[in-house]
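We just call them A, B, C and D in the order they show up, numbering each chain from 1.
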Amino acid sequence: MNPTPLLEKARQLRADFPILSQAHPSGRPLIYFDNAATAQKPRVVIERLSAFLATQNANIHRGVHWLSQEATHLYEKARETVQHFLGAASPEEIIFVRGATEGINLIAQGLRRAYFQPGDEIILSTLEHHANIVPWQLVAEELPLRLKPLPLTSAGAVDVSALPDFLSPRTRLIAITHTSNGLGTRTPIEEIVAFAKAHDIPVLLDACQSIVHEAIDVQKLPVDFLVFSGHKLYGPTGVGVVYMRHPWGRKLPPYQGGGDMIVRVTWEKTRYAPPPAKFEAGTPAIAEAIVLATAIHYITDTVGYDFIQAYEAYLTDLAEALLRDVPGLTLYGTARPRGPIWSFNIEGIHPHDLGTFLDSWGIAVRVGHHCNQPLMDALGVPATARLSLAFYNLPEELQTLQEALLAAVEFFHKPLPSLRHE
Amino acid sequence: MSSELESLYQEIILEHSRYPRNYGRLPQPTHHAEGYNPLCGDQVHLTLQVDGEAIRDIRFEGQSCAICKASASVMTSLVKGLPLSEVEQLYEAFHALLTAEEPPTFSHIAPKYQDYLLAFGAVRNYPMRVKCATLPWHTLHAALHESHHEPVSTENL
Amino acid sequence: MNPTPLLEKARQLRADFPILSQAHPSGRPLIYFDNAATAQKPRVVIERLSAFLATQNANIHRGVHWLSQEATHLYEKARETVQHFLGAASPEEIIFVRGATEGINLIAQGLRRAYFQPGDEIILSTLEHHANIVPWQLVAEELPLRLKPLPLTSAGAVDVSALPDFLSPRTRLIAITHTSNGLGTRTPIEEIVAFAKAHDIPVLLDACQSIVHEAIDVQKLPVDFLVFSGHKLYGPTGVGVVYMRHPWGRKLPPYQGGGDMIVRVTWEKTRYAPPPAKFEAGTPAIAEAIVLATAIHYITDTVGYDFIQAYEAYLTDLAEALLRDVPGLTLYGTARPRGPIWSFNIEGIHPHDLGTFLDSWGIAVRVGHHCNQPLMDALGVPATARLSLAFYNLPEELQTLQEALLAAVEFFHKPLPSLRHE
Amino acid sequence: MSSELESLYQEIILEHSRYPRNYGRLPQPTHHAEGYNPLCGDQVHLTLQVDGEAIRDIRFEGQSCAICKASASVMTSLVKGLPLSEVEQLYEAFHALLTAEEPPTFSHIAPKYQDYLLAFGAVRNYPMRVKCATLPWHTLHAALHESHHEPVSTENL
């Protein structure tokens, strides 16, 4: 593969992100490698948000006046943008929420009230984000439910071969991450969905970390529920998406009560609206949802998933080669396919110290448990450093990272003048 | 006065909203349905006498805006006595008039109905009002085709 | 009172709002009278949002790198801004949510799980917004609970004299609106809080429509819970606030599960963080919370509640005089004290038609039930037109409204050529 | 190498983190507590032998970063044998060093302790790391003053 055209495009796209041309307080260029935590925003997203607030802002759904009609139209068009982005059958299947976390809670509470029976079981995996663990624990506390996490292969992928053993007559849901935010490994979701379909078990897909790297079509990957967060997809904070396949939206009760999710309220009895309104009580994140559509158009039309896949594959090979060259560095989870996310540790350097060290080089990586404590427990480490890339990262940034890691090894392992040992 | 507004509130519409035809309830309807627009509170209650393949009689009741009331008045006037197949045709024509990308030509609709339907043509320029005009028609459709207990809501449509 | 200095300041402030200098598609100036639905945004708010996204954007709480530290600092400073704005004792009492609706749902679900017993009673009022009705109905469905709405006086204020009759040994909460979004009337909340304190009943205050017109200090008005929405307070959509007096935050269980609200997650047992983190699962609306602080500073420092109160009192007298001059106009709820919000109808004109008519004059009012169906039922109307003002509205805009209303009367009552009555 | 970083990771800190003193567990402690920083996973477990009014012996254990480990090592070295009142003074001085608007002068602290405490002075410039340095001290405070079952978390502090 000749990376030159890819590199040229990456350099061009990078110019769309104002934050990336900023200097770090150390005077060095800012190297942003914390993309799995949140992505940076292209200029079109920032400008669309300003433009909406400065020229189109109004509350939606309840006004006959011009601004309100416009805002309503834009908001519902944003829903259609998400619908087409995911290949959903109708806009009714798209619910705007704050983010993936709220999305999973919404689904979990709906299932608690209208679907689960005490003693039911949910299959998850060892690499779930806390957002796909704690909502189920909250439901489990009330019902109870049993949570069964699938183990990992030694290379850090979900071990699907364990699936038949995990199945029981009480299995009522498989809730699983598409791409691990901790390790970057990609779950063999096609196999899992086929297995689930064969046993008539609904599947919830946490697509937070996959949808930023690959296109997802819910017709080809027929999951029942899917969630992602706007802020990780180059969009604003405060907005995310639940895809809820028909007729789940008809079956599940509402999540929050309030305006816009009702047909008729009386003190005696309230009738709820059909989906998606049923699940969107109160004033939603109007500007954020509208601008999420801008971000999606930017990704699909300006950047393109083909480019993302090709360029990130190139960066992936480079990153792994560079990391492997650092003495004492352990990479956790090297399975492929994967997203461009890696957890690692360097012998004798706590990740927290490494994070501070890299920051002094202008390099932003995340250190800690990444909301993956059960995964950390499984790996037997309290924390890791995590490198996560986006299509605007450049090979020279990875080179700088390697240099900095080598410097860290030297710094933290330097011989010390003997101090008196009291 | 804006002429756009004049074309929305044509005299046929103002007149029918002020003096609605077929207002009330049939004592022993064979079909009935209730329509509701939760966004503005428009409400339409339809009672029908369907006999064999045609609507023999029809009445509407309810609190609603001028557009909705005129639409219900015009609709009940048009469909009274009509075979169900023609009702269906009118329902679709009306729906297309207000919501289709390209407004329909109405060439297949009897000319005597066309003026009445076309009076609502300007509603398509007021997206938040489209549901006001279509609510009576959706309610009619529901009365004829669905056996449900919940009222129709324009939110379902 | 000499209104000239007030008017001068209002004209100056109005220039801070870019959307207000826009023309309506009709070519007329835009007159925005839908402020109770959502407020317009001053330039400082729009620019702060852009600046954050273009120079400071990062995820919070879990990073040691520069951007993440900055963003965390800004987010927690925003919490302190809200704390001081409300006079709360500590930032721990301030929880960021999507808006008032989510806020009430969060409190309602917490009380469901840790406080209410089946058969308990909640006192509310007839003028509650659906956001302060439906969340309790959802809880009531599960427990059950009894909801007792206080009646209104003939002038549309909550009738506090009914309070002793509504009290029972099962009364466990008073959840009430401060200023009615439908009628503008202000609840005699001081009396209600005194009554509640005397009977040891906690109070939840829906401050959505009051806090945009008057300063609130939770030390002087010692409610247990208070909610408001950022977008009505000149801030972004997607963010709102719950004030939860200590030690409620320690007593109530978490609302949503996910990242950031935990101390330790294992598959067997999860320990939750203390408040406010406990109630903020997942990535919050980071940019929006930070910019809400900007909006609050704008209101308290640039505009000032003294100005708001004085100028809006002037507009209130003017608006009522002008509305009363329109033949056939009924004003619902004329009690004082009040916020600058009025519901009205004109004989023979449905509010929906009136809304469309006014829009053709460039005037944005809300028409419908205003998420107040039980109030509409009590008034015996299906809908009303609602005028709601902000400090950037001008007397000449009210004059134009009166002119337009008079024109509407003429238009909808004009003699019609006799059509054949078929 | 940035000199800021050199001042954060002073040799005292690197040395104590590499060769921690008082590492381990006392077999029969009179007091103990566990501290935890959920943001980074730092963990400190303290066991103490308090006899009358002084700390006779103290050990720490746990997985943590260099700042936290060095802080625990220095802290245990300093407080071993100290009367509880002086421990309290050191606790407050350390806390002020890292978090007070104006760093304290330490004039009331015995000079032999000052160098050790001041080695952590640069941590105040790294807000996300302050909790790493203070965690052992908070845990000590909890071990001496609280009779609770839940571990201390820096989130509570």
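As a working rule, a contact is a pair of C-beta atoms (placed from the backbone, for glycine too) under 8 Å apart; a residue touches a chain by one contact, two chains touch by 3 or more.
What you see is a predicted model, and the numbers here were worked out from it, not measured in a lab.
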{"item": "Which of C-D and A-D has more C-beta pairs touching across its chains", "value": "A-D"}
{"item": "Most widely separated chain from chain C, with each centre as the mean of CA atoms", "value": "D"}
{"item": "Cα-centroid distance, chain A relative to chain B, in whole angstrom", "value": "47"}
{"item": "Chain centre separation (chain A, chain D; CA means) in Å", "value": "37"}
{"item": "Between chain C and chain A, distance of the C-alpha-averaged centres to the nearest whole Å", "value": "32"}
{"item": "Chain C residues counted as touching two or more neighbouring chains", "value": "62-64, 68, 262, 264, 352, 356, 367-368"}
{"item": "Multi-chain contact sites of chain B, meaning residues that touch two or more partners", "value": "39-40, 126, 129"}
{"item": "Chain A contact footprint on chain C (complex, rising order)", "value": "18-19, 22, 24-25, 30, 32, 34, 37-38, 40-41, 43, 45-47, 49-50, 53-59, 62-68, 98-102, 104-105, 108, 113, 129-131, 133-138, 142, 147, 149, 229, 231, 236-239, 253-254, 256-262, 264-267, 270, 281-288, 352, 355-356, 358-359, 362-368, 370-371, 373-374, 377"}
{"item": "Complex contact set, residues of chain D against chain A", "value": "1-2, 4-5, 8-9, 11-12, 14-15, 18-19, 21, 39-43, 63-69, 77, 126, 129, 132"}
{"item": "In the complex with chain C, residue positions of chain D that touch it", "value": "36, 38-40, 126-129, 150-151, 153, 155-156"}
{"item": "Complex interface listing, chain A residues touching chain B", "value": "61-64, 68-69, 72-73, 262-264, 271, 273-274, 277"}
{"item": "Contact footprint of chain D on chain A as seen in their complex", "value": "26, 350-353, 356-357, 360, 367-369, 376, 382-383, 407, 411-412, 414, 416-417, 419, 421-422"}
